[in-house]
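Shared chain: subunit A. Partners: subunit B in the first complex, subunit C in the second.
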Partner chain A sequence: MNEVKENMAYKPQYGPGTSTVAANRRKQMDPNQKLEKMRDVTDEDIVLILGHRAPGAAYPTAHPPLAEQQEPDCPIRKIVTPTEGAKSGDRIRYIQFADSMFFAPCHPYQRTYTECYRFRGIDPGTLSGRQIVECRERDLEKYSKELVETELLDPARTGIRGATVHGHSLRLAENGMMFDMLQRSVLGEDGIVRYVKNQIGEPLDRAVAVGKPLDEKWLKAHTTIFHSLGGSAYRDDQEYIEYVQRIHTLRTKYGFLPKEA
Partner chain B sequence: MAKIERTQKLFLKSLKEKFQGQDVESETTEFYKFNGYHQSPRKEEFVKASRAVEMDRGISMYDPVRCHLGGIPLGQRQLMTYEVSGTGVFVEGDDLHFVNNAAMQQFWDDIRRTVIVNMDLAHQTLQKRLGKEVTPETINEYLHVLNHAMPGAAVVQEHMVETHPGLVDDCYVKVFTGDQELADDLEPQFVLDVEKLFPAKQAEALSAAVGKSLWQAIHIPTTVSRTCDGGTTSRWSAMQIGMSFIGAYRMCAGEAAVADLSYAAKHAGVIQMASHLPARRARGPNEPGGIGFGLFSDIIQANRKYPNDPAKASLEVVGAGTMLFDQIWLGSYMSGGVGFTQYATAAYTDNILDEFTYYGMDYIKDKYKVDWKNPSADDKVKPTYDIVNDIATEVALNGMEQYEQYPTMMEDHFGGSQRAGVLAAACGLSSSIATGNSNAGLNAWYLCMLLHKDGWSRLGFFGYDLQDQCGSANSLSIRGDEGAIGEVRGPNYPNYAMNVGHQGEYAAIVGGAHYGRGDAWCFDPRVKICFADPALKFDFAEPRREFAKGAIREFMPAGERSLIIPAR
Partner chain C sequence: MTEAIYPQVRIVSARFLRPDTVEQLLNRLVQIGGILRMSLTGQNLPATVPYGPARGKPNPHPDRKVIHVGDQDVQLQVQVGAVILELEDESYIPAIEEAVDEVFASKDFSCAVQKGRFMKSQPTVSDYAKYGPDADREILGLVDPRKKGGPVIIQGNK
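Showing the complex of A and B:
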């Protein structure tokens, strides 16, 4: 995992804003702040949800381990320490999330920024209804465990969905679950959410429990999306608005070299 | 910025119709109980039609139960109908795909099959080089000949094949001029009378701009431009113009002067509706990617019919533009599939963009005293950074808050790209109408995108990362190799070339700048006059109404083939 070195001249600020939402965003992004663990999910559970390999199966490889193949004389390779997955020659696989706009704890760009600060060797992609992160398979499983076990996920309003992701902007089901056409996860009568299909929608041999949905109060206190009803109104975070306006004006005036004349 | 009160919610009627019996402000609903695609009469019709096709041809076809997501068909949630904005007409979403909508096809056909050709150059050749007399009488005779020849009839040679008039009934030529005396001397059937077609102020400006020159508004047969392409239009028309001059003025068919007429009709005096595209996109003139935004806003005629409502005039451009640029150009010429239609229709259905835009109108009137219902250049606001930022911020925040207050509206626009395009369009239109400056409107668009992205931590699909997060930097750049004023940008502007939900709105932002000033045209007065023609199959003053007619199967297009195929 990443951490910001204390002797760096630049001190990351992790974004502007005086609101709770802004503070939550900064906390998630800052690798020096520990994310709250909310649930236990086993390594095998993660492998099942991801659906890339059978539990216990060897990692398929895209190339021989770095130690066994001749590396070119490349200064960049000397600077960058390979991740465990890269060292082993793992193939690149993914995990993809859908986050409900009804106060889910994390949201697409926030996910991307958070992952970029906290993880190494990743390739995130950010859309409106989903956010994907790709990396070497064994690194992915490690990162996925953190993404699933911590406060970044709510079992009801966060979906792990490889395809057919619609749901983020839809009303919630009456039991509080985000819509999923494939119903990969279901809320049991015991109040526990279980994945019965992997992220691409293939039925699992056994259900994977991811815990109880977090309550409304917790979600509204920890969410990273502005919302004018029941949450932090974007309009009320004047510092945030002015920051975006400033970035826009500087880019308009000076392109991508925002150096004021 | 400061929120203003606006009690009218133009989208409420749509939401209540779409989500009947439900609280449109509720955050919860029921799913998985709608019986899949069976809830949609149109999709039921598709299944029935497909069975008939399969029986006929012996090859499988539409089969949503088997083929959609391995057995889970569409319709696990409510499949919505859509109100075409500003019309009160509710339609099936499927019927807004251009394949299913004859009005949409005709809209594009009518543009692609149009060129405008100058007559003065030809008249000079006839008079000065050949010593022919050109009078209103000879022009009338020429137009008779041309309206015989343009659809595909012979005028000089004998023993020629010709086209069936019943198949090319949409093809004709009219003329227009700023010289009212000349217009009055020509046969009314051939004249686009600027004074009669436009409000007085617009007519005066248009006539002054066109002056004494005489222009032909030419529409070749729909069938021809469909079978060939947009590049055919000027060639087909030039051939028939040349032959008609030869026939009407008794010229020698082989004399060198004919080349002057051809050159005028094909090059020197022709106005294409779209410029040709570079090799990597490989389209000739009169194809959608080459239509400049200013020219497109002149094609749409809503500001002629509704001169005191620049918002409505702009919204009609949005509807027409998203259909052409998103659904046809990007969605089919450049890509494929059906997804683009789902994105694009958000901008012209359910009065959502309309509501956001009229909120902007109320805001610019309340804060900046812009009397937008009486368009004029006199009360436009200076497009400073502060003012554009202020208008864009307020309109963006209001729109986001509306989505938050009405979860059914969020569900209606279930894709982030839909919301991003609609919010940014409202910001762009409000700013361009307030300032009369198209680039100020584009700049507002991009601030909205950044605000949206940071507020909800999401925007549109991957393409929005490219186009919208760097758009601020090119919105006010007008160096030749980096940018242009909005009027001369188009779908092929480097940074605009790939994203659904943008180009139609950009065109409307350009149009809005001029409609807000009360200008008679945006880019080319001749294009504005040409498409005012009531004889065109498609009514360019009411594109959204026409699309709605197409959706409910009440639009009669051109290009019929029933005359030459077996009866069904």
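Showing the complex of A and C:
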């Protein structure tokens, strides 16, 4: 995990805003703040949900380990320490999330910011309804575990979906689950959500339990989504608006060499 | 699509409905009678995975069920989010509102009955181009007229 260096020229603020939503966003982005652990998921469970390799199988490689191959004389390679996955030449693999607009604890842009601050060697892709992060397989499993186990995920309102992600902007189902055409995760009679398919929709040999859905009160207190109906409205956060308007003005005027008064 | 203008209502719930709730609601509506056409709308639940690496594989979904409405079995193909009804006349609307209130009384979310025009009243040029002049006007605008398997006909009690 990254840590902010103490000798940096400025102290990162992570984001503007005075609302709880803004505070939650800052908390998730700040690598010095530990994310609350909400559930226990084993390494094997993660491998099953990801569906990239069979549990226990060796990591397929895309190139020989760095120690075995000749590296060109490159100053950047001397500065950057390779991650474990890069060192052993793993393939690039992905995990993708869909977050419901009904107070999910995280959302695509937030995930990308969070991951960029917290993880190394990643390539996130942000879309309106889903967010994908690609990296070396070994690193991916480590990062995925953190993304699944911590407060970034709610079993009902966050979906781990590699394909057929549709559902983030839809009404919830009667039992509070986000709509999923492939029904990868099922809410059991005992109130525990289990993944019965991997992220691309192939049935799993055994169900993977990811715990109970978090209650409405917790979600509203921990969400990073502004919501004018039932949550805290974006317009009520004056500081946030001011900041976004400033950025918007500056980038609009950028071509005219802006000077702030 | 008929000459006369029949009143239409739409029943919209705040959550997507489980098949057993749909069954309960529809059976209650069928009892009231006066329904000419009914359409269940919502998100499609395909029988096979439509795209992605697992494309073409079977897609078992617990909500893609056969429900029993009136005297007929109905295969649900969507996760029901709204029910659109076309009625004989407006006198049935209060009874429908009552039935909806009754079904949703025990639920922790609301459901609204809206009045308006919810079914297509005239085929568009695109419809003509896609389906030709002989498309079934009864179902045009509700489902794809080329779809195999026609509507489920539930006999009335008249």
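Just so we're on the same page, the second predicted complex is superposed on the first by the 254 of 261 C-alpha atoms of A that agree within 3 Å, B and C clash if a C-alpha of one lies under 4 Å from a C-alpha of the other, contacts with A are read in each partner's own complex, and residues count from 1 in each chain.
Definition applied: a residue touches a chain if its C-beta (ideal position, glycine included) is under 8 Å from a C-beta of that chain, and two chains touch if they have at least 3 such contacts.
Since the model is a prediction, treat every value here as computed from it, not as a measurement.
*Asks:* So if we stack both complexes on subunit A, do subunit B and subunit C clash, or do they fit?
*Replies:* clash
*Asks:* Touch check for A:Met101: first (subunit B), second (subunit C), both, or neither?
*Replies:* first
*Asks:* Per the contact definition in the header, classify A:Arg171: touching subunit B only (first), subunit C only (second), both, or neither.
*Replies:* The answer is both, since A:Arg171 touches subunit B and subunit C.
*Asks:* Is A:His227 in contact with subunit B, with subunit C, with both, or with neither (first, second, both, neither)?
*Replies:* Only subunit B; A:His227 stays clear of subunit C.
*Asks:* Looking at subunit A, does subunit C or subunit B touch more of its residues?
*Replies:* Residues of subunit A touched, subunit B against subunit C: more for B.
*Asks:* After the superposition on A, what does A:Gly201 contact: first (subunit B), second (subunit C), both or neither?
*Replies:* Both partners, subunit B and subunit C.
*Asks:* Check whether A:Gly255 is in contact with subunit B, with subunit C, with both or with neither, and answer first, second, both or neither.
*Replies:* Once the two structures are laid over each other on A, A:Gly255 reaches subunit B alone.
*Asks:* Using the touch definition from the top, say if A:Gly162 reaches subunit B (first), subunit C (second), both or neither.
*Replies:* second
*Asks:* Now for A:Leu182: first (subunit B), second (subunit C), both, or neither, which partner does it touch?
*Replies:* both
*Asks:* Can you tell which stretch of subunit B collides with subunit C among 348-356, 366-374 or 546-554?
*Replies:* Between subunit B and subunit C, the clashing stretch is 546-554.
*Asks:* Intersection of subunit A residues contacting subunit B with those contacting subunit C?
*Replies:* In subunit A, residues 164, 166, 170-174, 179, 181-183, 201 are touched by subunit B and also by subunit C.
*Asks:* How about subunit B: which of its residues touch subunit A in the complex?
*Replies:* Per the stated touch rule, the residues are 3, 26-32, 69-70, 72, 76-77, 385, 389, 393, 397, 400-401, 404-405, 407-408, 410-411, 413-417, 419-420, 443, 446-447, 450-451, 453-462, 465, 470, 472-473, 475-477.
*Asks:* Show me the residue ranges of subunit A that touch subunit C in the complex, using the header's touch definition.
*Replies:* Per the stated touch rule, the residues are 162-164, 166-167, 170-175, 179, 181-183, 186, 200-203.
*Asks:* Touching subunit A in the complex: which residues of subunit C?
*Replies:* 13-18, 21, 43-46, 49-54, 57, 59-63, 79, 81, 107, 109
*Asks:* Report the residues of subunit A in contact with subunit B in the complex, numbered from low to high.
*Replies:* Result: residues 25, 101-102, 107-110, 125-129, 164, 166, 168-174, 176, 179, 181-183, 201, 224-229, 233-235, 240-241, 244-245, 247-249, 251-253, 255-256 of subunit A touch subunit B.
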